[in-house]
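Structure provided below as structure tokens; questions to follow.
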Amino acid sequence: MASKEAIAHFIRTEFPQARVVIEAVGNQGATVAQDIAEADLRPGGTVSGPTLMGLADVALYVALLGEIGIVPLAVTTSLTINFLRKPAADRRVIGQCRLMKVGKTLAMGEVALYSEGIEEPVAHVVGTYAIPPRSAT
Amino acid sequence: MASKEAIAHFIRTEFPQARVVIEAVGNQGATVAQDIAEADLRPGGTVSGPTLMGLADVALYVALLGEIGIVPLAVTTSLTINFLRKPAADRRVIGQCRLMKVGKTLAMGEVALYSEGIEEPVAHVVGTYAIPPRSAT
Amino acid sequence: MASKEAIAHFIRTEFPQARVVIEAVGNQGATVAQDIAEADLRPGGTVSGPTLMGLADVALYVALLGEIGIVPLAVTTSLTINFLRKPAADRRVIGQCRLMKVGKTLAMGEVALYSEGIEEPVAHVVGTYAIPPRSAT
Amino acid sequence: MASKEAIAHFIRTEFPQARVVIEAVGNQGATVAQDIAEADLRPGGTVSGPTLMGLADVALYVALLGEIGIVPLAVTTSLTINFLRKPAADRRVIGQCRLMKVGKTLAMGEVALYSEGIEEPVAHVVGTYAIPPRSAT
């Protein structure tokens, strides 16, 4: 297990380009948030798919690190996203992850993505991670 | 919208081979259950993948009919299943569906599948349905 | 590696209810076929989703056994199906699998499903398998 | 239908931040390529998941425009990516898309992603697009 602060520090160090804020982590889940920048927008004032997918991927990673500790070599093996509604261009995107399995070699979770303050999700993601053999955490 | 009884009647009539019991429907969701028969089992005493996928598909369909009424022509367009744990051979499988979007032409939902009485899910499904243009329900 | 005959024998023994014929296996792929029975049909004279998913799952398994040998404990970890066209009720369903990765612990492949003799696919499947640590094959 | 030049012009105008080169389009498919920039890389010298997903999404969109003409309102409804091998940091990423269905309201295709010059794919994507009612193209 790793604390929110330890994970935030690790993400900042390893992924300096990440713009994600960790709101909460623990209990097989995590909530992360990201400001929307000009480069995240698409014509029509919507948030790009890759921005949403990237945020969901980080949410899964943070939730997983919260369970197994700082394991830099955990890698995403698959990700399925369903786009549900047009995200707001002027609100942060929130990713709420819930892990459904943390096995020895595979973890799986889902992420609901929201425009902050709006109840209905803009997208839903299911992702799997491969966990390397654990030596130390 | 359609009631649990109306949906159960429709399923029995249209899909006479279905062995699903509708436990609850409404509020953008549904819970269904199925006894496990000899033909559903696989070596090692586990429940076959197609049995789980079929049950999840029905759970989505029931939840959708609960929202849009009896629409026989709604068809599954995609389904993603992640197998999480070995199901028990001697317990009913329960499917809990939650719809995340019911649009004019597309609906999307997720289903958590359980062996009855066991807390951790055996599989997780995300599915989409195409809804035909609504004339009458 | 395992031959078509060895795999067919294994499938018959372990999955006596399987109705699949192995047409070809090898070169990171497999082709399988299945007759459609009354129980596979749905209203409107189409083939049920679970029948298609089950056949795709077997196609992946056969292709994988062709690469790694008879490994009974390989298990499906995920499967994504997209339904593309209505299958013919009176033609065999053909599954053509192509493996895209056979790693030490994970394999991944795709399957195109056809109504025999019709060019356009009725469904497309992507699946992943977990491979147990190899002792012997 | 739209030509490679018309599509390239449209993409440049509508998505000025896109860095994709269209290598080929037509026959229900498309090949696109993208240089890898510093911002696309991740620790260990690999290409980020969102970069691969974004490229696959563009490959699908280009292939679709090649079939139905310049339809700005076609939107991605789902995307499933399987990560297969570590991409090379110093090679372009190539996306080869093949459409499997172009219906009136839904299209579906797959994309194999490669590090240029290397035979085995780094990732595989299946995506669906919703097509708005066609007025004119």
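Labels A, B, C and D are assigned to the chains in the order they are written; within every chain, residues are numbered from 1.
Here is the rule we use: a contact is a pair of C-beta atoms (placed from the backbone, for glycine too) under 8 Å apart; a residue touches a chain by one contact, two chains touch by 3 or more.
Quick caveat: nothing in here was measured; it's all calculated off a predicted structure.
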{"item": "More contacts between chains, A-B or B-C", "value": "B-C"}
{"item": "Averaged-CA centre spacing for the pair chain C and chain A, given as whole angstrom", "value": "33"}
{"item": "Rounded Å distance, chain B centre to chain C centre (Cα mean)", "value": "23"}
{"item": "Whole-Å separation of chain centres (CA-atom averages), chain A against chain B", "value": "28"}
{"item": "Per-residue overlap in chain A, given as positions that touch at least 2 other chains", "value": "77-78, 80, 82, 128"}
{"item": "Contact graph of the chains (line, ring, star, complete, other)", "value": "complete"}
{"item": "Complex contacts: residues of chain C adjacent to chain D", "value": "80, 82, 84-85, 100-101, 108, 110, 112, 120-121, 124, 126, 128"}
{"item": "Residues of chain C defined as touching chain B within the complex", "value": "14-15, 17, 39, 42-43, 48-51, 53-54, 57, 72, 75-83"}
{"item": "Sites on chain C touched by chain A in the complex", "value": "77-78, 80, 105-106, 128, 130"}
